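Two complexes come next, and they have one chain in common, chain A, joined by chain B in the first and chain C in the second.
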Partner chain A sequence: MKGAKDCEGAPAVRRWSPLSIAAIGSLVALLALLAFGPAYLGSYLTDRLTTLFIYVIMASMWNALAGYGGLVSVGQQAFFGLGAYLAIRLSYAGVNVYLALVLAPLIVGLFSLPLSSFALRLRGGEFAIGMWVLAELAHLLVNLDGLVQGETGISLIAISAFAPDARRSYNYWLALGMMTLLVVLGFFLLRSRTGAAIQAIRDNEDAAASVGVRVFATKRLIFVLAAAGCAAAGSLMLSTLVSFQPKTYFSVQWTAYMLFMTLVGGLGTFEGPIVGAVLFFLVETMFADTGVWYLIGLGATALIFSLFVPRGIWGTISDRFGIQLMPVGYRLRFRVPSNAGATP
Partner chain B sequence: MWEVSARSHEMSERPNVLNAAAIVKRFGSFAAVTGVDFQVGAHEAVGIVGPNGAGKTTLLNVLAGTYLASAGTVHFEGSDISHLDAASRCRLGIARTHQVPRPFANMTVFENVFVASSMGGGHSRERAYEGCIASLQLCGMLDVANRQAETLGLLDRKRLELARALATDPKVLLLDEIGGGLTDAEAAELVAIIKQLRARNIAIVWIEHILHVLLQVAERLVCMDAGRVIAEGVPEVALAHPAVIEAYLGSGVT
Partner chain C sequence: MMFFDQILQGIFLGAYYALIACGLSFLFGVMRIINLAHGSIAVLSAFLVLSLAEHFGISPFFALLLAVPVMAAAGFVLQRTILERSLRSGPLTPLLSTFGLAVVLDNSMFQSFGANTRSLAPNIGDLSFAGWSGPGGIEVGQLAVLTLVVAVALLSGLQALLTYTPLGRAIRACAEDPETAELVGIDARHVYAAATAIALVTVAIAGTFLAMRSTFDPYTGPTQLIFAFEAIVIGGTGSLWGTLIGGIVLGVAQNLGSQVSPQGFLIGGHLAFLLVLAARFALAGRDWRGWFGVRSRAVA
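What follows is the complex of A and B.
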């Protein structure tokens, strides 16, 4: 026990607030409820929510990379496409199809390790464009694989062995599981001491190095996480679409979606991309039938947000009310000396 | 290393903590530093003065590992650190501040210092918290700990540079014009903090144009011009050196 004198006025670091604890609690409850989704949602909603989970992965991973790591990439479709491609490859090599869907992102994560040695030498705009070039390169290389038959593509036939209802449930659970895993992983990484170092690099790379941050190794960590995460999204997307055509999966539209969700939700806030993904999902569900107007609407929304709501929906709310539901930062609290004694 | 002790006069009983020998730093064909020997004794406070373009900041960057020297060696506590990068040198105990403050703008003041303490200082979370609170307190920044660094004014940004460097638990602190752009009263606040560091046995290398501020702390002055050391010694002697007077005032002044 410290004496009262030690406690009076001594600041303490607080990371959780009652609000954020309540929010995490509700989130866990929601996830538990969603875990039984296929039992009560019906086939349409089960399919749609599977897509939502994939969107949450995409947005969260792009935000981890760009919003926290400062590594703005327009080439994340490289990993999205490779995730799907590897799942096809593994499945055709005789690996159980659901195991293939899980293994593919892990292998892409490993593959991104040597790749990062080249990619992370580029800075700022060079990195963004360099990643796009890399995605095009990956696209072309995958096209060379005879199995894929060029742009004709190939289907994940092995998944058809499962009855449609069973397949729908498995896809849903796989997506829910991977989303939970990746978001939780991202949360703990960004909350860790390394997470603070990642943000320091984003804000000023040279200053980060001068206070002891190993810049390259730290950047690599977030690069690999985002690569594996985007590959997981690609592999999951394959499980729902079944057919694989390189140009669909290596399309820059996936990164555009990630960008849209993150910017609208709130770049560099942990909750933002999740909000953005839900919003994007709702808009898509309601307006996707309107074809080209839907795309124009998306573009206009992104424009309006970047001009007038640069912090995004959640960023604006968080700034305005000073709230964090999933806190990754640090707040110093000053214990007020009182007659009743120090409060914990 | 022993050739240095022959050169260094009053420091003979104090071992050098930082020892740079025959440092050359070229940028393309331009040599910003041309053969500089520079030592810092344990707990010593050294000031570096000289006109703009003399190579002071370049020398500091070579000591900090921001640049690797084109030629010459840097030893820290007896081991060769010539090829170590800035992050590794910081972890060993060489911290620095920047002439133009470089805060982590989108992080809070506390988080800025926390990165330094946990990475440069290598501290666990709890130890880092204590270290951060201590350096923020020393630098008078506890009341702005939760502010975004981008909202700080110049004096607070300079203080943050100092607090961040201190949080890495340095043995040598390299200060690059930390008084620049401040009023006398503001500079005096920083001097008061830096004097407290001297009491904690942190060696200081301080580049500063404002002499009367520097002289409150520096025990020894190193005067540079055109990439070389033109004079060094106790302040009164170094400043009286004809080469120093010429570098500052031009020739023809008697």
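What follows is the complex of A and C.
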């Protein structure tokens, strides 16, 4: 690639475009603005945005797994539920409640490391439902813990030691921080050498293996990241809902939400899940009280997108206009030689 | 004797799992699709049979006869509208689209039929509780025996269909290699639609037995999908009689688990499933011979 510059008319390789620099710039500005959110947003918006941040984490993590790893999991609620459960466990063991909320996802990430050796040997549909079985098993085993009291559940009582306003701000900052951390981590991971491997696996696993990509190790990295990320979402959800009922947290509906956000936003694109999470958030805000019809609508939309708009909203826009706001790939630009017509 | 009884009841339970699993296994064998809406479709057919039986005041078995052509047509439509397009867009799409379909079906059934649990048990009279007593206080239910008989008949029927009929040969050819099958004049699109129709007929039968032997509600589907999937994996993916063995192993494991703790029923089944998978990985390299007589291909 280095030689390309010397040769006129050769394609130029670049990552950044003025548009993506502007986009990242405004994103950093937006994050800075959001960091002071609790000061000017009011309690309702602060709570709602906390939920939005959790959705962004869930969508990005599911996308990392399905969009980049080629692993459709119907069992990510296993990690979501375990994240919340471990936070409860740690808190009742005397750990500071906010420390517990941070530690829980890390422990789930560690736990998913040995699990990946097993799960990643399943392929395609076997992986999808195999993960679902693991989620069901995790749910049943958590129910066996006397502390949880079965489906009755338990509350994160320690968090009520904080005044409601302070707690709201802390939850908000924790969610914002974790979302930023995970998204930035994902961004730099995808831009790295490993990222090239991940995208090669996404495009064609066998071809990637044939050019020396360590497929299993790379997939394992994604699996563990997605596990820890979903656990972070679970522990953050616990911080806002306070009560822990196994049935709620280990529900397959979380995977349905993740699938909806990722498919609508754009499977296998970096920006897509963020777009999808924002859309899901808006749809939920408007239609959640229509109950079952809302869920039917979500399922139907996911079905239609999977069949007719497989690249999702962002993927379609990005393909048509060649836009990448967060450049995780490389772009080729064919330059017209400045002295066109003259013999070199 | 208690132990023996649990195993016996587990075998009969396993026969039901074989019934619910064979449609899922069949579709997987033919198109390499795992239909995540499988359980929801079984519950849908249970509601269909229940509605027919109640509306016309007929026996569920007669209602099932009416439901069979409806479900076959539904299978045809399912293939033409969703599965065919999914198959063209890559290996992940069928999982995404059928999961979306499952969400739509479950919630639509909730919208139409409400949250109440239903059962066909009141519609079949004595059959739901009558049984034969054996030595040592062993009770064998008539419905359980009927389930086993129907499961064996259905699996044999599918096997005969695949082995002896022109359609069966076409299905096996398409399962092996659809492009080559088309070269010799087989319309893969047509064969896939027929196979999906057959699969949904088996699902209609399974749904009816689900409704007769227990209660169900609009959200019962996902659990049935998991049981069906576990039976298939335990028995060896793509193996017809393996599905029956897998169902029985699952049923026995669940029944033995339920002796340990109230949650043990489900935990026992899941553990049996994971153990079999672990054993399969340990023996990796040996391939399973599928029920199409061909080596199972890796599913991407």
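Keep this in mind: the second predicted complex is superposed on the first by the 322 of 344 C-alpha atoms of A that agree within 3 Å, B and C clash if a C-alpha of one lies under 4 Å from a C-alpha of the other, contacts with A are read in each partner's own complex, and residues count from 1 in each chain.
Methods note: a contact is a pair of C-beta atoms (placed from the backbone, for glycine too) under 8 Å apart; a residue touches a chain by one contact, two chains touch by 3 or more.
Owing to the predicted nature of the structure, the values given are computational and were not obtained by experimental measurement.
A.B. asks: For A:A207, decide between first (touching chain B), second (touching chain C), both and neither.
C.D. replies: It touches chain B, and chain C stays clear.
A.B. asks: Scan A:L103 for contacts with chain B and chain C and give back first, second, both or neither.
C.D. replies: It touches nothing on chain B or chain C.
A.B. asks: Counting touched residues of chain A, say whether chain B or chain C comes out ahead.
C.D. replies: Comparing touch counts on chain A for chain B and chain C gives C.
A.B. asks: Between chain B (first) and chain C (second), which, if any, makes contact with A:R193: first, second, both or neither?
C.D. replies: After superposition on chain A, A:R193 lies in contact with chain B alone.
A.B. asks: I'd like to know which partner A:V72 touches here: chain B for first, chain C for second, both or neither.
C.D. replies: Second partner only.
A.B. asks: Quick check for you: in the superposed arrangement, does A:I24 touch first (chain B), second (chain C), both or neither?
C.D. replies: After superposing on A, A:I24 lies clear of both chain B and chain C.
A.B. asks: A:L41 contacts which: chain B (first), chain C (second), both, neither?
C.D. replies: A:L41 contacts neither chain B nor chain C.
A.B. asks: So, A:M326: does it touch chain B (first), chain C (second), both, or neither?
C.D. replies: A:M326 contacts neither chain B nor chain C.
A.B. asks: On the A-aligned overlay, A:P11 touches which partner chain: chain B = first, chain C = second, or both, or neither?
C.D. replies: first
A.B. asks: Show me the residue ranges of chain C that touch chain A in the complex, using the header's touch definition.
C.D. replies: 28, 32-34, 36, 82, 85-86, 89-97, 99-104, 107-108, 110-111, 222, 225-226, 229-230, 233, 237, 261, 263, 266-267, 270-271, 273-274, 277-278, 281, 284, 298-300
A.B. asks: Contact residues on chain A for chain B in the complex?
C.D. replies: 11-13, 193, 196-197, 199-200, 202-204, 206-215, 268, 329-332, 334
A.B. asks: Going by the contact rule at the top, pick out the chain B residues touching chain A in the complex.
C.D. replies: 64, 66, 85-87, 90-91, 95-96, 98, 102-108, 110-112, 114-116, 118-122, 125, 128-129, 133, 142, 145-146, 149, 164-165, 167-168
A.B. asks: Going by the contact rule set out above, which residues of chain A touch chain C in the complex?
C.D. replies: Residues 66, 70, 72, 74, 118, 121-126, 128-130, 132-133, 136-137, 140-141, 143-144, 205, 252, 256, 259, 263, 267, 292-293, 295-296, 298-304, 306-307, 310.
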